[in-house]
Structures are given as C-alpha cells and as structure tokens.
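One chain, chain A, appears in both complexes that follow, with chain B as partner in the first and chain C in the second.
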Partner chain A sequence: MRERGFGRWVVAVPMCLLALATIYPMLFTLNVAMKSRREYVLNQFSLADHLTAANIADAWNTSGLGRYTFNSVVVTLGAVTLLLLLGSMAGFAFSQLTFWGRKWLFLVCLGALMIPFQVIMVPFFRVLGQTGLLDTHLGLILAYTGQFLPFTIFLMTSFYSRIPAEVIEAARVDGSTTLGVYRRIMLPLGRPALLSVGILNALFCWNDVLISLLVMQSEQNRTLMVGVTALRGQYSDNIPLFAGGVLVAALPVIAIYLFFQRQITDGVTAGSTKG
Partner chain B sequence: MSTASTRTPKRRWVAAALVSALAGATCLATAACGAAAPQSQAGGGTAEQAQKLVVWDWHSGDASTKAYYDKAKSDFEAKHPGVQVDFVAQPYDQYYTLLGTAIQAGKGPDIAMFNGGAQMRERATSLLPLDDKTADLKDRLVGWDAFKDAGTTYAVPITLQGFPFYYNKAVYKKAGLDPETPPKTLAELQTDCAAIKKSGNVCFNLGNKEGIGIEFFLSGFAPGVFSPAQYDAWLAGKRDWKSPEVKQIFDLWKQTNDDGWYNKGVNSTAMFNDQFTMFSGGKGGNVIGLISDTAHWKSFDEFLGPDLGVYQAPILNPANVSKTFLPAEGGIGYGVMKWTKSPDLAVDLIKSLAGTDAEKQFFEKAGAIAADKTIDTSTVDVKAAGQIVSWLPDSKPLLHTALSAKTLDLMHRLSQQLISGDVTVDAALTQLAASDK
Partner chain C sequence: MTSAGEAITTPRRTTARVRRWHISEHKLAPLVLVTPALLVIVGLRIVPLILGAQYSLTGDGARNGMFVGLGNYRALAGDPVFRTAIKNVGLLFVALPVAVAVPGILATFLFLKVPGHRFYRSVYFFPVVLSPVIIGAIFNILLSYDGPLNQGLGKLGIGPVDWLGNSHVAIFSVIGVHIWATFGMALVIFMAGFSTLDQSLLDAARCDGANLPQTIRHVVVPELSRTIQFVFVTTMIGMLTGMFGLVYVMTAGGPGGATYLPEFYVWVTQGQMNSPALASAASMVLFVLMLVVGLAQIRLIKRVTKEV
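Let's look at the complex of A and B:
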C-alpha cells in the first residue's frame, strides 16, 4: 500500500539520506580519481579542477590491472559455472529425492555456512599445496566452489522445494529418469533462481580478497581485487591513482548490479517466504 | 519439502551419486581440516626448482623502489647466473596474515620481509639464525637489534625506522613564531601550539583510527621524558608502567587531545595516509613522522619544499633529561625462512639486497633512511634528510617495538578509549602492566 501525506515523508527522507550515504563514497572516489596528486594533497574534499581519466588509465597501464581483470573473469566464470551445476544438482536431490542420510547431509551443508574461512585457512593452504593446485586458476575455482557451495545449495534447495511433487510425478509417469527430471524439468524451472544465485556468487568471487590472496601466490596470477588492494600499499601516497584502480575494479560490479538488480534482490530474499 | 512419490534402487543410486558429487566439492575446504599430512618443504624438490628463490615483501611493486630492486637483482644474478629470483609484492594490510598462514602450513617464500621488533620476533622460530652467515655485514649495517630475538639475529636490516618531529615552517611563520627555532621543551611546545591554534591551524596532525598514534607518541616523546637508565631498562624488559614518567606520557596523550592540539575526529582518521596527507597539504604545524619507507622527509619535501623542518623530541622532564635524541632502530629487513632448500643462496640474495649501491637507491629514490652507514647521503639536497642522518649515531631503539604484539594491540585499543574518555590513564596503565608481564 502506498503511503500518503506525512507518512510518505517519514519513509522517504530517511531513505534519501541512506541512499546519499551509500552513493557519496562512490562519488568521492570518482572525484578523487579525477584529481592530480597535488590537488588531492592540498584539498581532499574539493571538486576536481579538470575531468580527466589519467589516473584510471595509469592504474590500468602501470599496475597490471588488465591481467588481473582477465584472471578475475576466468576464475569467476569457472567457479560460478561449477557452483550452479553442483548447487542445482544438490538442491534437486535434497528437495525432491529421498535417500539415506539426506537430512544429515543437508545439515552438514548448512553447518558449512557457519564456518568462517579464517578457521580453515591453514589446512586449506596445505591441501592446495599438496595437490599442486596452489597458484593455479583451477585451484582458485575449486576454492571458491568449496567456499560458496553451501550457500548455493541452501538457496537452490529452498527454491526447488517450492516445485509441486505432482510435476515430477507426471514426468515419472511419462517415463523420465531422475537425471531426465533434473535436466528437463528442474533446470528450466530453476532458471530464475539460478540467475539470482549465479549473480550473487559472481559478486562474491569477484569481490573476494582473502581466498584469492592465499591461493594465487604469484603476481601474474592475481585477481583484480587483490591487485587493487596491493595498489593501496604501492601507492599509499598517491591516493588518486589508487582511486582510479578502485574504479576499474568496481565498474563491472556496478554494471552487474544495474543490469541484474531484481535478480540480486530475489537471490538475497530467496527462502525467506514460502509459497 | 516434497519428495518423489516412487522410489526405486536406480533412483536412489542416482540421488546418491548427485549428493556424492556435491559432497566432494563441499568438503574441499572442510575435509582439508583432517587432511594435514606431513608437509614437504617448499622450494620444490628438483634441481631446477632449487635454483629459484621466492621473496615476499610489500615494496617490490612500488615505482619508487624499482631502482633498488633492479640493482639488488642484477648484483645477485652476476654472482649466481641462472638462479631465478621472484619478488612478490603482497598487500601490506594482509601481509602478516598471509605469512602466518604460510608459516603454519610450512610452505611459502624462501625469503620474507619483516618490520623490526615484535613483527619479526613473533615469527623468529620460522627463520634461520643468521649470525654465522652475516659477519661481513655487521660493521657496515646498523639497526641489528630490531632483528634479534634472545640475542640471535634472524633478519638483515635494510632501512632504519625512527620518529622525528617534522614541522611546517610556513605554519610557524603564520603563527608569528620563528620558523627556524622549533620547540626544545614542553613549555615551548605548548606556547607554539597555542599560537598555531590561534592562527587558525592545528598544532599536530593525528590519525588514530588504527590506534597506532600512541606508538608514535610514546616512542616519539620518550627521549624527552625518560632518564637514560630508565630508557635502557625499558628496552631490557624491566618496564615500570606505574612510573611517573610513563604516566606523564599517557597523561600528555589525553591532555593534548583535550587541549585541541589535533585535527578533529582523531579516532576516525586513518594515520596512513590521511594524517600525513594533511601535513603534506599544509594543514598542520607538526607531525610525528617516520624515516623508513613512508611518511618521511622525501614525501613531505615534495609538497612543503623549503618549508619542511625537523626536530628531535622536546625535553618534557628536565629532571631526567638534559639532551634528547632521535629514537631509531632497524626498520625493515629480510629473513630466510627455515624451509628454504637453498639457505646459502638466500643469504647471498639478502646480501645483494643490503648492498651499498642498492641501499643508496632506496635512500635517494624511495626516501627511506638506509641501514648502510657507508652510503654517501650528501647527494640529497634536502636539509631535513641531512639532519636526520646526522642524528643517527646518538639514537636509541624505539620503546614500543620492545613490547609484544599482544600488548601493542591492547595499547592501540586503549589509546582510542583514552581519547574518547572511556578509560582513565591509571586504568589503562594497569591493563598494560598486566599484559606486559
């Protein structure tokens, strides 16, 4: 129901202030990225004298951000593909199939959601080292898959639970196998959820610093966010250049958000209501 | 949750296969907890891998240190052709987390960069003792104490670290003060601060968001408070947190804030690099800065030029102190990790990193005061740099680096609470004394 009169302002004003507080850091970063170093040091909060993309170009050209972007794209696409495949299969199994230990396995998956990455850092590092996966794209893809799969399973199970059993029974009557039900019924029906979960996982993978820093040991294999974090150290006295790097890293995330905001919201709220 | 209405053995098998697939992937992280088999050493087992040295630091990606690393690398490669050297610049924010993981896993770089003091001592058990391998460096380099643990040397100093007081002569002039006469006593400092404040500037720039402002304050002002015997006792581990001198410093920390010496929002201002950016931008009369890899004479000189001045800690306690000094010690250094396959090669690489020609590049291009006392610093035409170098022979180590990481963490938190008024000086000192046992 739409608010009227005073009630509308009570809602609108705080919302506008919240939006401003959210947007301001981005505008500040954009403004800083447009400044020269001297301009920034002399007055951090003034508007840039001239609009120039020199810092963004410098950050891109001198700091290997192009290579880092490529790495981020590869591991994000790889991890999201694997996450969607495994997550949808598991979600289907947990929600629609009956097998021994189902409830316990699901609880284990939910429990994995509660384990902070910091707790498993050391064994994680050792296993990747022993299996030769350290400092490889595949290693990071598997690392992201392991880390974000419980979340994916939770959301996909929640979504698939809403599909009436009659749909699957009808497919069975028509002679479909379990794999056939998954491929022909669950995957097409789950497309909205897969899109939402895929976008959220893509944002998680793209924005991650800690796991990537741990897995990718050499500079050439770094992902974009690690590269930008390193920029902060390398150019600690050149904040405009750092801001340029931040913008490069943030642009794909902002683009994803602008294009897929409805799916992101659906993904975040999935499972909160039933029916 | 609904389930399939009919069940056959085939369906159960397919379901089990699906779940097994996900379980395998899910447990990549969790199963790792139980999969920690005995760790083989890093560096690789083949001859080819043994001829490669990996160095972790937080500087080799800086444009300003490129000449230093290029020189060190070419020097090493001339001595050891065919040995590959990889410098990996890690983000400083995450550096010790990453190194800690590598140390616990027993796998990582052959050589690692360390801050002197607690950061290195906490990790000394993972480093090779270097005393018998670095005798030829002992006389040429200074700052070794910061890289010793229980009398054993674990890293080679590359730069020095110290806390001089930098000041802006233009701000002093605007306040009607003599720009060539920085304060020598607490009374003079108070008078100057009052004048600077009256002229519309802040007396000191400070950022204590990370809580480390207190480190600079304690180590920066201590030479003007502690008697030489008290200073040495502190460094030797005999620390009396309830002494009038320690209380005087912590009282001053709170009092100076209450008196409005600093910029607004101290606890929400980052020291690196907002505090130093403010000073470079001419928005403060003084700052306690560094001589090592950042916030040093060169970075300030770039913006302040001839207005940049530097002075030693003022005398706050004339009963104890007749002459102050620059607190300084080893800043950053390189240590050899225990698991390296090529310890001799690693030591040789560190010797190249500590070479005089390379160190000269670090000083001139990156602005850090090098640990090599034989380099010619007269080539740099910045008065502040020359003054700092001339003070080094009389310097003594910093007080805060003698503390454990645990006590330093506590001190960071307390420094913020003191400023916000959530804890008294006496209560803070009681907590610090208990932590520092």
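Let's look at the complex of A and C:
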C-alpha cells in the first residue's frame, strides 16, 4: 500500500519537521561547541566562524574526563563480558534443553525484569558497603550485571530458540557433550545475537548515571556520565566549553550508533516481537 | 597402561560407565549453565527486594533497625515533596497517550513507505541511544532562560518562558524532553509489529475501497493490539524508571521540588537526607506502581513461557 500524490505530501511535511526537531538540538550543540564564548553570547544561532575542536580539547584537558572515560570503559567491558557469558549460558539452556524446573526458573528470571534498580537501591547500597565493594569497579560491574542480566537472558533465549534443534541433535549424535554444544555451536552460531545484545548492554552500562552515582563515591572512580553532570557547575559561565565536554561524552555512542544501528534495533525489537 | 587381557574382559563395563556418565552429564549440564545466572539474579535482585521490603518497616536515625510498622509510609503520605512526586506520576499518565500515539502514527507512515523511510527511522531512533545525562545537558543549553529557544520565541514576539525555573512549567519541560528522547524506541517496536501484519488484510481493505483512516481503524489497530499494549506498558515503565538522569541534570528536582518523581525522591532520601528506611518505603511505593503497570506485561511473559 503506497500513498500517492497529495497524500504523500501531507505525510512527508510533518515527518520532515519532526526529523528536524530530532536532529536540530544535536546540531545546535555541535555548532555551539565550535564557537568561542564571545561568539556564543553575541549570536547563539550563527554558524561557527571556523571549524575547531578547541573547546572539545579544552574540556577534555581541564575536566578529568580522561580518567572518567577509563573508568567507564573498564566497567562497561567487565559488565558486558559477564552479561554475555551468563546470559548465553542460561539462554541456551532455556531455549534448547529440557530439565527439571525450566519453566519456573525462566519465570524467576523474567520476573526480575520487573524489579527496577530504584526499588532495590537502598539494600544494594548497604550490602555493597558491608562487602567492601562500594566505590570499586568490581562493585559497579556486579551492579550492572545484576541490573541487565534478566533482559540479557530474555533476549538470548529468544535468539537461541531460532537455532533449529536438529543442529544440536546432530552434534550430540557426533558425540558432543552439552557443554561442547554450547562452546562449539551456540557461541559461534549465536555471534550476531551476542553482538546485538552486547552492544545494547554496552549502551545501557555506558549511559547509566543512577547506579554509578550510588556505587562510585569518590571523584577518581566516577564514570563518564557522572563526570558530565559535574561539568555544568564547572563551566556554568562558558556554554561552548560545556557543549564541548558534552560532545566528548557523546562521541563514542554516536560512533557506535553509526556503525551498529541495525544490531541495536535488532536487539530492541527481538525483545518486543519475539516476546 | 592396561594389559591386553583386561581390555578384552572389561568392554561391557566401560560402555555402561560411559552411558551412565553421559546421562548424568545430560541432566547436570543445564543446571551448570543456569546456576550462575540464577545466583546473580537471586542475590542481586530478589534478595535485595526482600531486604528492602523488610527495611521499609524499620526506623531511621536514632530508631535505626527498630520495627516501626507502617510509620515510614505514614511519613511519606504526609511529606509534601513525596506528594508532588506522586502528583507528577499522574502527569506521566496524562502524557502517556501522546507518547504512544506519536510514534504509532509515525510508524504507520513509515510502514506505508513514504520516501526516505530508512533515513527517518535512523534519525528518530538516534536520541534513544544517547544517555539521559547527555540529553539533559543539551536541553539545559536549549531551554536556559537566555537560551536559544527563548531567543527564537522572542523573535516571534512570544515572551520568554522560564522552562526549567518556573515551578508550573518545569515538570512539563522534563516530560516533554523525555518523550522527545524516547519516542524512537516505541516507533521501532511499532514497526516490528507492522512487519508481522498480514499483507492480505491490507490488500483486502484496499479492494473494498477503504481510505487510510478507515484502514488504520479497522485493520491496523485490531491487528496490532498486542504491540500497542506492549508499547503502552514499556513506555509507562520507561517514564517511571528512566527519567532520573533527566531530572538530575535538568532541574535537580527543583524549582521547589516541583519536578520530583518517586525515583528521584528515593535517591535524595537515601543519599542527601540520609533516611534509608524512608527511602525504602518510597521504593516500595514505586514498586507497587510498577507492578500495577507491569501486570499487563504478565500476559506477554505467559506467551514466552508457552514457547519455551
């Protein structure tokens, strides 16, 4: 069904406007980040005189964003590794194996989806404190793993159930053990799924601010997004520098989006339609 | 080293042992695969939930650890800041239909393959992947009192609005930005729903001479009822639990507590106010709210477990 002629324009105009409304705030910020403070005060809308990354570089050098970026990378990589490992193991079992209590255990995993972090924040904080994991990378990695594992299991189960049972039976006939099937079949065949789920989880961990604010107490352990929230006070009188700092923090995500758009939307929709 | 004689006399025993080992591997392996994940989920989600529920019934400060019954819940009911937070949840419910209808209509257009639909989809989805903190920071610039939005409005002869500083306006600014930032998510889910739509139904509608609004009303909406329901639930849960970053960066709960939401209240009460037990009680209220919304989701979960 294709709309033709007049109808097409009735649709195209609002869509164009909305696309503009979606992208303009980002372009505006990019433009601001290229300006000097004086240029911005004189005219906020004018295009920057010349393309320069001076503000971005300044923000990077004066704000400690480098240290925060390192923390974010460590924590994100750690959590994503754990999530993919635990999620693919459980996803394989739930989608392809029969065992006692499978349905109930799966229900427990899905039920945990309905427990947002805000609800368990207080006891979580206390337990981390008691175990000495507060304000450590490992503590935050565990927090993220707990937070995103139910969703990861859900996605991996739905991805893995697409692998035909015959493939696994064939491997068994050839004498492979269940764990061998996991290592030699589910992991290689599930690569596209692992990529989708991994990128999605990486975005979740990278973008989080609530959990990170709670777990990381000292300034040197801050993650990048918490660092960005501190920029506002730091550069309150210099908007272009603030914009530069915001861009620094946004760039990795923008790059990931440009490269892996399809994998991201695949992951998101697997969680909605297969469910 | 086994002697040849032994090898000849024991083949039966060996195969029996192999088979027995194989059976137990068969039974054991799924548990080995599932146990680590279950330990994490029980230890890091379910146990803290129980601890939190229990903790919400104890006192803060000098009465730390003492059982106070529903005292914290009574304190919440009497706290004007918490009442504002709950009132703001009411506003979220009012905004919900907008947050679902906009992406729904757009997805319909995209499904009809207006020119450039791929491009639109990428653009609309982009803010979804950005951190709320980044988005909040961007809108901090755009919505500041002497910022670009007010300057633009000034050129149209509309007086400046204190988007983030006026206690009647700020919560709408934050909700608006949240919808702006997340409608791409609902859009993509809608489009996935559309891809499962039976094309022959649409053809039939066209043969019968149905126009676009009629087709949407009589074919698309009934066929996509499950998707629509899913989007309603996930959008509402996203509003209840995904706005912390925006509130934190854009208004920090102000002005005068006007932009508090339950999750922000929990965070402030736990951290700044140092009243963890009261925060736990607020957590439980949020959890109940979530459950009410999530009950709709149980239907969907049932469908999955049927598949498994």
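Going forward, the second predicted complex is superposed on the first by the 247 of 275 C-alpha atoms of A that agree within 3 Å, B and C clash if a C-alpha of one lies under 4 Å from a C-alpha of the other, contacts with A are read in each partner's own complex, and residues count from 1 in each chain.
Everything below uses one rule, namely that contacts are C-beta pairs under 8 Å (C-beta built on N, C-alpha and C of every residue); 3 or more make two chains touch, one makes a residue touch a chain.
Please read all numbers here as calculations on a predicted model, not as lab measurements.
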- Message: Following the superposition defined at the top, how do chain B and chain C come out on chain A, clash or fit?
- Response: clash
- Task: Kindly classify A:N207 by the partners it touches after superposition: chain B alone (first), chain C alone (second), both, or neither?
- Result: second
- Query: Can A:I153 be said to touch chain B (first), chain C (second), both, or neither?
  - Reply: both
- For A:S218, decide between first (touching chain B), second (touching chain C), both and neither. first
- Query: Thinking of the overlay built on chain A, is A:V197 touched by chain B (first), by chain C (second), by both, or by neither?
  - Reply: neither
- Message: Tell me which partner touches more residues of chain A in the superposed arrangement, chain B or chain C.
- Response: C
- Is A:M121 touching the first partner chain B, the second partner chain C, both, or neither of them? both
- Have a look at where A:I264 lands relative to chain B and chain C in the superposition and call it first, second, both or neither. second
- Query: Does the superposition put A:L107 against chain B (first), chain C (second), both, or neither?
  - Reply: second
- Message: Under the stated touch criterion, which partner chain does A:A59 make contact with: chain B (first), chain C (second), both, or neither?
- Response: neither
- Task: Identify the partner contact of A:A79: answer first if only chain B is touched, second if only chain C is, both if each is, neither if none is.
- Result: neither
- 112-120, 130-138 or 166-174: stretch of chain C that collides with chain B: 166-174
- Task: Find the residues of chain A that appear in the contact set with chain B and again in the contact set with chain C.
- Result: 44, 86-87, 89-90, 92-95, 97-99, 102, 105, 108-109, 112, 115, 117, 120-127, 142-143, 145-147, 149-150, 153, 161, 177-179, 182, 209-210, 213-214, 226, 229, 232, 239
- Message: Please output the residues of chain A touching chain B within their complex, sorted ascending.
- Response: 38, 40-44, 62-63, 82, 86-87, 89-90, 92-100, 102, 105, 108-109, 112, 115, 117, 120-127, 129-130, 134, 142-143, 145-147, 149-150, 153, 161, 163-165, 168-169, 172, 177-179, 182, 209-210, 213-214, 217-219, 226, 229-230, 232-237, 239
- Task: Flag every residue of chain A that touches chain C in the complex, lowest number first.
- Result: 1-3, 7-8, 11-12, 15, 18-19, 21-23, 25-26, 28-29, 32, 44-45, 86-87, 89-90, 92-95, 97-99, 102-103, 105-112, 114-127, 142-143, 145-147, 149-150, 153-154, 157-158, 161, 177-179, 182, 203, 206-210, 213-214, 225-226, 228-229, 231-232, 239, 242-243, 246, 249-250, 253, 256-257, 261, 264-265, 268-269, 272-275
- Note on the structure: Touching chain A in the complex, chain C uses residues 22, 25-27, 29-34, 36-38, 40-49, 51-52, 55, 106, 109, 112-115, 119-127, 129-134, 137-142, 147-148, 151-152, 180, 184-185, 188-189, 191-193, 195-196, 202-203, 206, 212, 215, 227, 230, 234, 237, 240-241, 244-245, 248-249, 262-263, 266-267, 270-271, 276-277, 279-280, 283-284, 286-287, 290-291, 294, 297, 300-301, 303-305, 307-308
- Given the complex with chain A, which residues does chain B contribute to the contact? 1-7, 10-12, 14-16, 18-19, 21-23, 25-30, 32-37, 39-40, 42, 54, 58, 61-63, 86, 88-94, 97-98, 101-102, 104-107, 272-274, 276-277, 280-282, 294, 299, 303
